[in-house]
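Each of the next two complexes has chain A plus one other chain: chain B in the first, chain C in the second.
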Partner chain A sequence: MGAGHGHVLYRESDSPVHRLPPEVKIVAMVVFTLAVVATPREAFWAFGAYAVLVAAVAALARVGPRWLLSRALIELPFVLFAVALPFLGSGDRVEVLGLRLSEDGLHGAWNILAKGTLGVLASLLLAATTTTRDLIVGLDRLHCPQVLTQIATFMLRYLDVLVGEARRMRVARISRGDDPRFLWQLRGFAAGIGALFLRAFERGERVYLAMLSRGYTGRMPAVWQGEGAASAGQWLVAATVPVLAASIAATAVVLS
Partner chain B sequence: MHISNGIIDGPVAAIFAALALAALTACVLRGRRDLDDRLAPMAGLVAAFIFAVQMLNFPIFTAGVSGHLLGGALAAMLVGPWVGALCVAVVLVVQALIFGDGGVAMLGLNITNMALLGTAAAYALIALLLRVLPRTRAGLAVTAFVAATLSVVVASQGFVLEYWLGGTTDLGNNLGGLAGTMAGVHLLIGIGEGLITATTVLTVAKVRPDLVYALRSLRAPAAPAVPVAGGVR
Partner chain C sequence: MIGVVQTAVSLDVRGVRYAYPDGHVALQGVDLNVPRGDRVALLGPNGAGKTTLVLHLNGILTPTEGSVSVGGLTVTPDRAVLAEVRRRVGIVFQDPDDQLFLPTVAEDVAFGPANLGLRGAELAARVDEALAAVGMSEHRDRAPQHLSFGQRRRVAVATVLAMHPEILVLDEPSSNLDPAARRELAEILRGLPVTLLMVTHDLPYAAELCERSVILDNGRIVADAPTNTLLNDAPLLARHRLELPYGFTPQP
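Then we have the complex of A and B:
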């Protein structure tokens, strides 16, 4: 993590997608996901078309399929819920490989798997091409209330403070002869959490007071906001993906 | 506990999105008044803490549900119900946008369960227990523990309610089973959450009692106002 600019998922690059203003990417991603969710689950071809769209954007953003698929494993817990559905669902039963499965449940599992995966891939693409700083700027330009962007700004900055404090405290414990292995660690871990919170807060408070004394008013300086707000052309370019997705969804609804 | 895209159908998700939006607007209006020089960095830290803690996911293989700590009680205790709900909501929005944790289209449902239901239940319990229990460290610990444990269970039942209203797969009679599994699993998670919340709140209350929002109203008459903004400690 480099000084609060990137985050674990950010991929440094200069692709056309990286250069798009953040607010445009956020809106495109949200509209794309809504279109995917609105698609009837029996329209298998539509989900194939969405996958092609995601692959095209990923290629344009120079994000490799291996990176994308390995990060998509975050949705594993939901996939497990999907696996259980064919056994729990009610209604007509069908024979699959000698198992009597609920047809409705199978459809439901497919529904969760397809829509969940496409949603995760879309947000991973946003994460890979947008720094956290840009994400906040984008939300601010989309007129997200200032209280929220303020909390989000501090949250993303203090995440590093928290991780740093935790690392220092761990090193301090080990160097004093503690043996932090899982079960032995538990008591020290519990006692350490409160101390960690307090230490991180006092560090964060000093940062905040320093910001206040340098003229912080709750909004990040104008340098962040002014330049690079999306032009009409950029909105049009970025609109291609969500508009395509929305027309696929509309076609699928009409056909079903 | 994050609901991913496709688990609940569109109309129900839309209704809960509208509900969450209205409730969050109220929180923004009330929270703005609360957010002073002490609460602003605290809100950020509470959000960061919740963010980190929510990354620990426990998949429960037999039932196919996943659970994790929620942090609503900690937020309600340290920054109050309004800003607390906003903190959890911010965590959920950032997770949905860039980590793909919980679907963007299901954000309304997730915010209703974890940010609104969880925090509201926790704060109601805190307000009640702090009045009933003795004002000692043990009383505070019990308050934090009970509020955290029960708020997690309440939030998990929010999912069951939403699934009953608009689950994409009809579970028939298994819905009761879903409710039981969610409640049982989240009771266990809630105990873990209760322990973490209680230790954190106790430490903060011991060293910097001025930082605990829930104790403000109780101690207000005793302590004279101390200027804090920009002060040097």
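Then we have the complex of A and C:
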């Protein structure tokens, strides 16, 4: 084993943003995103200001633009729809580069693209500066329903185990001459998925038995939740970004 | 200190019968008595009912007939009784990945005592003590999946030691361990001041750690004697699908 040392999203560093407790960063990210979403789409200047905010936090967290932008590509499949809007939209048409496009559609596309990108960048900054473990701790401190945080905790713990199992099953299959190149040769793979599901299910049962044996009664004991929780000062420091974002959004709403 | 003095008998199993819902009878009247401080090996081939018996010891399965008592407390389906029984019986399951389910070693070791209601400094002390007992103190903040298999098994032992059990029940403790990890675990287990019931078909390991062994086969205890006596009885072992490894001669 030994998998799971590498992080796709987390960037190890000791920046001021990294040192903030997870719960304040989560709240800041959510408020920022809400402010972005609430901004009227015609207020172009506001989106520029948001971009500056994101860039400032990224610089403070020592996260490079290349790192951020390459990971932001994940939003591509979701904004593809936006590309189609200017062609499909109704209403007034405008001439852009020789194409007659719907003005409403252009606005709609811009709306999705700008808000989506800003939201993805904010989430990426949160992920880059907070370990998955801390994210769950933060959600727990924010009184997120325990069922959800528990599921996330289990996922965090058992993802490697499952991936390891899947890898061993694949090696065993390939070792016996399975070489699926075409769709109709996927039988072995599909059966493997089924077997993996069964194994995961059985493991879940064994884990539950082991938990019961240690006195589990259906609620996770709150152990060290209080430790290291955010201080008032840290809340204030982290509040700068969402407060700025909210003021920008409010100004944009008033002006429009 | 790990291990609490209550009565002279840690485990008393009387006439336990158990039939699975599908009608398969897994245990047909098991009697087993383990005095405090003893180390007993529970031997038997696969499918003999060893794991079923283990799940009776802390009330996860309820016997169709018969009774189990731990340190004088009889297991009943009552919630308070079950909670106390699960504190007294520390089961270390075969696959440490089943037992260690939290993101860090320390959190996992704290899970049991926290369920008992311990908090703060007292809880931290339990965790430190249990990890020290298995020599894993320096790994307290690591993720279980980043530990070696032997280390994970030792942490699994710590997770139940932290509950100060009356009896430690280990399911196949030597399985999947390399020789060095196997020896290290034996040294740790020998040094623990608790009653020990070790479920295994690793006969040399039983001989190394336990003076007394019982053989469970087909849902019945078929032999109960000093381990060396049992291991020297080749026909008995053969009857119950137990075999000594090649080249191993038990002490007479």
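General remarks:
By definition in this document, the second predicted complex is superposed on the first by the 218 of 256 C-alpha atoms of A that agree within 3 Å, B and C clash if a C-alpha of one lies under 4 Å from a C-alpha of the other, contacts with A are read in each partner's own complex, and residues count from 1 in each chain.
Simple rule for what comes next: a residue touches a chain if its C-beta (ideal position, glycine included) is under 8 Å from a C-beta of that chain, and two chains touch if they have at least 3 such contacts.
None of these values were measured; they are calculated from a predicted model.
Touch criterion not met for A:Gly177: it reaches neither chain B nor chain C.
Residue contacts after overlaying the shared chain place A:Gly233 against neither chain B nor chain C. Looking at the shared chain after the overlay, A:Leu212 reaches both chain B and chain C. Comparing chain B with chain C, more residues of chain A are touched by B. By the touch criterion stated above, A:Arg157 is placed in contact with chain B and with chain C alike.
In the superposed model, A:Gly116 lies in contact with chain B only, and not with chain C. Once the two complexes are laid over each other on the shared chain, residue contacts for A:His107 go to chain B alone; chain C is not touched. Of the residues of chain A, those at positions 153-154, 156-158, 161, 207, 209, 212-213 touch chain B in one of the two structures and chain C in the other.
In the complex of the two chains, the chain B residues touching chain A come out as 2, 4-7, 10, 13, 28, 31-32, 35, 37-38, 40-45, 47-49, 51-52, 57, 59, 61, 63-66, 83, 86-87, 89-91, 93-94, 96-101, 103-105, 168-174, 177-178, 195-196, 199-200, 202-204, 207-208, 211, 229-230. Interface of chain A with chain C (complex): residues 1-5, 133, 136, 153-154, 156-158, 160-161, 203, 206-207, 209-217, 221-224.
On the side of chain C, the complex with chain A involves touching residues 55, 58, 60, 79, 83, 86-87, 89-91, 93, 95, 97-104, 107, 110-112, 114-116, 119, 123, 143-146, 159-160, 163.
Chain A contributes residues 7, 9, 26, 29-30, 33-34, 36-38, 41, 71-72, 74-78, 80-85, 88-91, 102, 104-105, 107-109, 111-116, 118-124, 126-127, 130, 132, 135, 145, 147-148, 150-159, 161-163, 190-191, 193-195, 197-198, 200-201, 204-205, 207-209, 212-213, 218 to its touches with chain B in the complex.
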